[in-house]
Amino acid sequence: MADLASLSDAIAELVHDGDVVALEGFTHLIPVAAGHEIIRQGRRDLTLVRMTPDIVYDQLIGAGCARKLIFSWGGNPGVGSLHRFRDAVQHGWPVPLEIEEHSHAGMANRYVAGASGLPFAVLRGYLGTDLPNVTDTIKPITCPFTGETLTAVPAINPDVAIVHAQRADRAGNVQMWGLVGVQKEAVLAARGSLVTVEEVVDELEPVPGGMVLPSWAVDLVAEVPGGAHPSYAQGYSERDNAYYAAWDPISRDRGEFERWVERVRSGDEVRT
Amino acid sequence: MTAHDYTADEMMSVAAARALSGGQRCFVGIGLPSTAANLARRTHAPDLVLIYESGTLGSKPDRLPASIGDGILAETADAVISVPEVFNYWLQPGRIDVGFLGAAQLDKFGNINTTVIGDDYANPKVRLPGAGGAPEIAANCHEVYVVVRQSKRSFVDQVDFVTSFGHGRGNGERDRLGLRGAGPTLVITDLGVFRPDPDSHELVLTGVHPGVTVEQVREATGWELRVADDVATTPAPTSDELAVLRALKEAS
Amino acid sequence: MADLASLSDAIAELVHDGDVVALEGFTHLIPVAAGHEIIRQGRRDLTLVRMTPDIVYDQLIGAGCARKLIFSWGGNPGVGSLHRFRDAVQHGWPVPLEIEEHSHAGMANRYVAGASGLPFAVLRGYLGTDLPNVTDTIKPITCPFTGETLTAVPAINPDVAIVHAQRADRAGNVQMWGLVGVQKEAVLAARGSLVTVEEVVDELEPVPGGMVLPSWAVDLVAEVPGGAHPSYAQGYSERDNAYYAAWDPISRDRGEFERWVERVRSGDEVRT
Amino acid sequence: MTAHDYTADEMMSVAAARALSGGQRCFVGIGLPSTAANLARRTHAPDLVLIYESGTLGSKPDRLPASIGDGILAETADAVISVPEVFNYWLQPGRIDVGFLGAAQLDKFGNINTTVIGDDYANPKVRLPGAGGAPEIAANCHEVYVVVRQSKRSFVDQVDFVTSFGHGRGNGERDRLGLRGAGPTLVITDLGVFRPDPDSHELVLTGVHPGVTVEQVREATGWELRVADDVATTPAPTSDELAVLRALKEAS
């Protein structure tokens, strides 16, 4: 059964140097506060996994937490590039960043395989593209019935998955709704999991479009109101589009960025 | 209405919107494609079905979504599903009529690059966002429309990296690979309209926007451009189209 | 977009002699009325597909509509055996019935592959059992990354899938909730589809646990209140356990059964 | 309380219920397993997590479900999911502690037959319902408990058809096949309790229910039964256990 924990205790317990870590969230419900706590605790050599690395991954990469990124689309949505990500890939600053690059369909299916206890997934993907030339986790596979050739990708089973949800009850059952992305799959694929939630409630009222992750499928739950900021939690908050825009100049400049990191490390980073 | 009443970007969005028709299922990339698709739904194609890779089927936003995961896409959708489901159950089996994509680089055969600029993947000149949903959108939709701002740098002979397969090196390579959809059948830029030659699959200029000359298009094309015998001129945006487009943008 | 049709028109349009037909429903929302209409229209040589063939399949088989059954569990739930199914398998009455037998996990994944436009699915299944000795649609497959051997099953893509749901709107968007079994997958895997619904409404109010199949993913919708009887439609009806029990003596006796079929054919079969 | 106060079936259900402990995740087959699992949840193991293959996680029915898809299982569940999901995301990866199964035929090595009686699959003596979820439950749960009424016909040397693999022909065959779970570790009948020998994996009688002799069990076993050195006698059902069991049955 999931235990309730503080965010700092949860990160200290679950995230270790060198771990494979997935913070998932498809624009909605991104566990940004958890990412900042990882920066604060100074984790190193992480393999970060995410379909859509956006600014929280830019921050983790810029802060030197990662040695590798497994992903399918990296950007500051609606704004532009991730400059810390680019700087790490193109100039190895502050540390070199290895990348393993897929498509969304490939990444989604890698999580599905991970959640399903299978070593690989099959899809109609990548055909004709240059991705198999640069990514060795894309291989052909033959249908044993029709002889047709399709594409296989290996399961992702992170050491820890972190997601944000609207709420949990005191027993640690987690409820989320709206765009749920690949969060369930990430949690089920991972060996350990942390869910940050907007609030812990006595009882989870059913919600249209709601999904429940039972307590016994989650390791730790931390109550972190606003923990998805600047992304949003449907029913709780709006996306802070200004923050995304404001990130661009910080991200472009190493000095600006280092001052930002200092503020996070000292706990001064204002959340809203 | 004169050429000064609208921008080249507005002409592009209007032209792209017009390419869509009612009842079509359209898998919409964020940015220019999303603008065009929403414009179409708010003008001549109210029953256009918009599908976003964040997992929304039949979104009906009344403003342009700020991102692929804008809450308004979920709140106005007929169904909200997981990301694995949107790719596996809805895109992959060929249920979608039109995949509507942007591109950082597009080549003569409609191949799309959104990965790296430069010849060396490991040490790129520019690191772009990557594939996202595009490779499988390009592979599995019945056809693909590309909307892109045109320049010699974006419109190249051969993309530095094939993120999303168009027609390969042409001449039926797509069929030989066994891809299901027809691939890029239409490219709309801020200058004009291109369609693949039915045999060679090389993109051919078939239309120019008002006030644009074929020569200007040639100048902004990174290969020796083929031009159709009859080059149509795109009708200028109507005041209604412009009003709706601007209202959509203002609301977001 | 889905068209609204009468049940008899829908069956006439979609179900043809020799078709592969799946009437799905996992105890809940079983499209029984549609099955009776198939009997009434006298379809022959159908390949019937269903994870859990129960009394409506017993009826279709007894009425001579089927030449083959693809399934994973056949019985009268809570009561006992399907005697018409047994009679067809063991004595070829009224016509011989070929069977293709899987496990639930295998059948579920066959539908998933069908819905996904893939020719096969991979699972950890059947290992050590006798099923691969009698069913040739179970084959080994090797993971191209780990070398591990798993099991492959081919996609099911029925000519037509028929399911029952709580309601649809006038545009043909379908909404169902409660136990949804493998209904979505069956509809998406099929070339044609019919959804019978308890009622057609002006607007589909969101419901916790509800799932919507967009109109454009369905061919025909028929309003058939009580169309799942004797199974149930959560929010509309209760399971008629007495009917299941009453089926047993009818099913045991060819004469009793033939009188039952006569009543169905003449339209006299009382639904509730 | 005397032996006449309860039936052999009741003793079996009570003994099976006692084998479950709180907090365990239990994948429940309908019929005898469901009766026992619900009894456990209503007596000593209130936080037992019941998972049904119809797609319910954490069902908390206050009566016995009439079928695997009884509405009460969905209405009282923590989560209701699709059937593919229950098998792929929850059972297959080994998230379930105990798979609780019945059997038409069970053999000396815990293999289960629910497919056909008779040697000829094509022309069976009796056609049984088939596999359902059992093969993968037996393969992927950490361990498997089997509840079955015992007779020479149901308790056989070798099943006519291996629907669900137990220990094969024993001596580690299960490990060699690479199956994840430990397989059948406990068999409970209306006469007694059996566990596999740790080396040979042959089922050994380790307990008898009150009033049952080892000789009676032998008579109802279709192979030369091995008997443990210490055969325990199952404590008779308590009045509380019987009251709850009967209330559960009456309510349904």
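In this document, chain identifiers A, B, C and D correspond to the written order of the chains, with residue numbering beginning at 1 in each.
The rule is simple: a contact is a pair of C-beta atoms (placed from the backbone, for glycine too) under 8 Å apart; a residue touches a chain by one contact, two chains touch by 3 or more.
Nothing here was measured: the structure is a model prediction, and the numbers come from that model.
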Selected interface, C-D versus B-C, where C-beta contact pairs are more numerous: C-D
Distance between the centres, which are taken as Cα means, of chain C and chain A, whole angstrom: 39
Intercentroid distance (Cα basis), chain D paired with chain B, Å: 57
CA centroid of chain C to CA centroid of chain D, Å: 28
Of all residues in chain C, the ones touching two or more other chains: 117-118, 123-124, 148, 184-185, 209
Per-residue multi-chain contacts in chain D, two or more chains: 88, 92, 140
Pairs of chains satisfying the touch condition: A-B, A-C, A-D, B-C, C-D
In the complex, chain C residues that touch chain D: 26-28, 51-52, 71-75, 77-78, 81, 85-86, 89-90, 101-105, 108-109, 111-112, 123-131, 134, 148, 178-182, 184-185, 209, 231-232, 234, 238-239, 241
Residue ranges of chain C in contact with chain A within the complex: 117-124, 137, 139-141, 143-146, 148, 150, 152, 154, 206-210
Interface residues, chain D side, partner chain A - complex: 23, 25, 49, 57-58, 78-79, 88-89, 92-95, 140
Residues on chain A engaged by chain D in the complex (per definition of touch): 1, 115-118, 173, 184-185, 188, 211-214, 216-217
Of all residues in chain B, those that touch chain A in their complex: 30, 53-56, 66-71, 73-75, 80, 82-84, 87-88, 91-92, 115, 121, 123-124, 126-136, 139-140, 161-165, 168, 173-174, 177-180
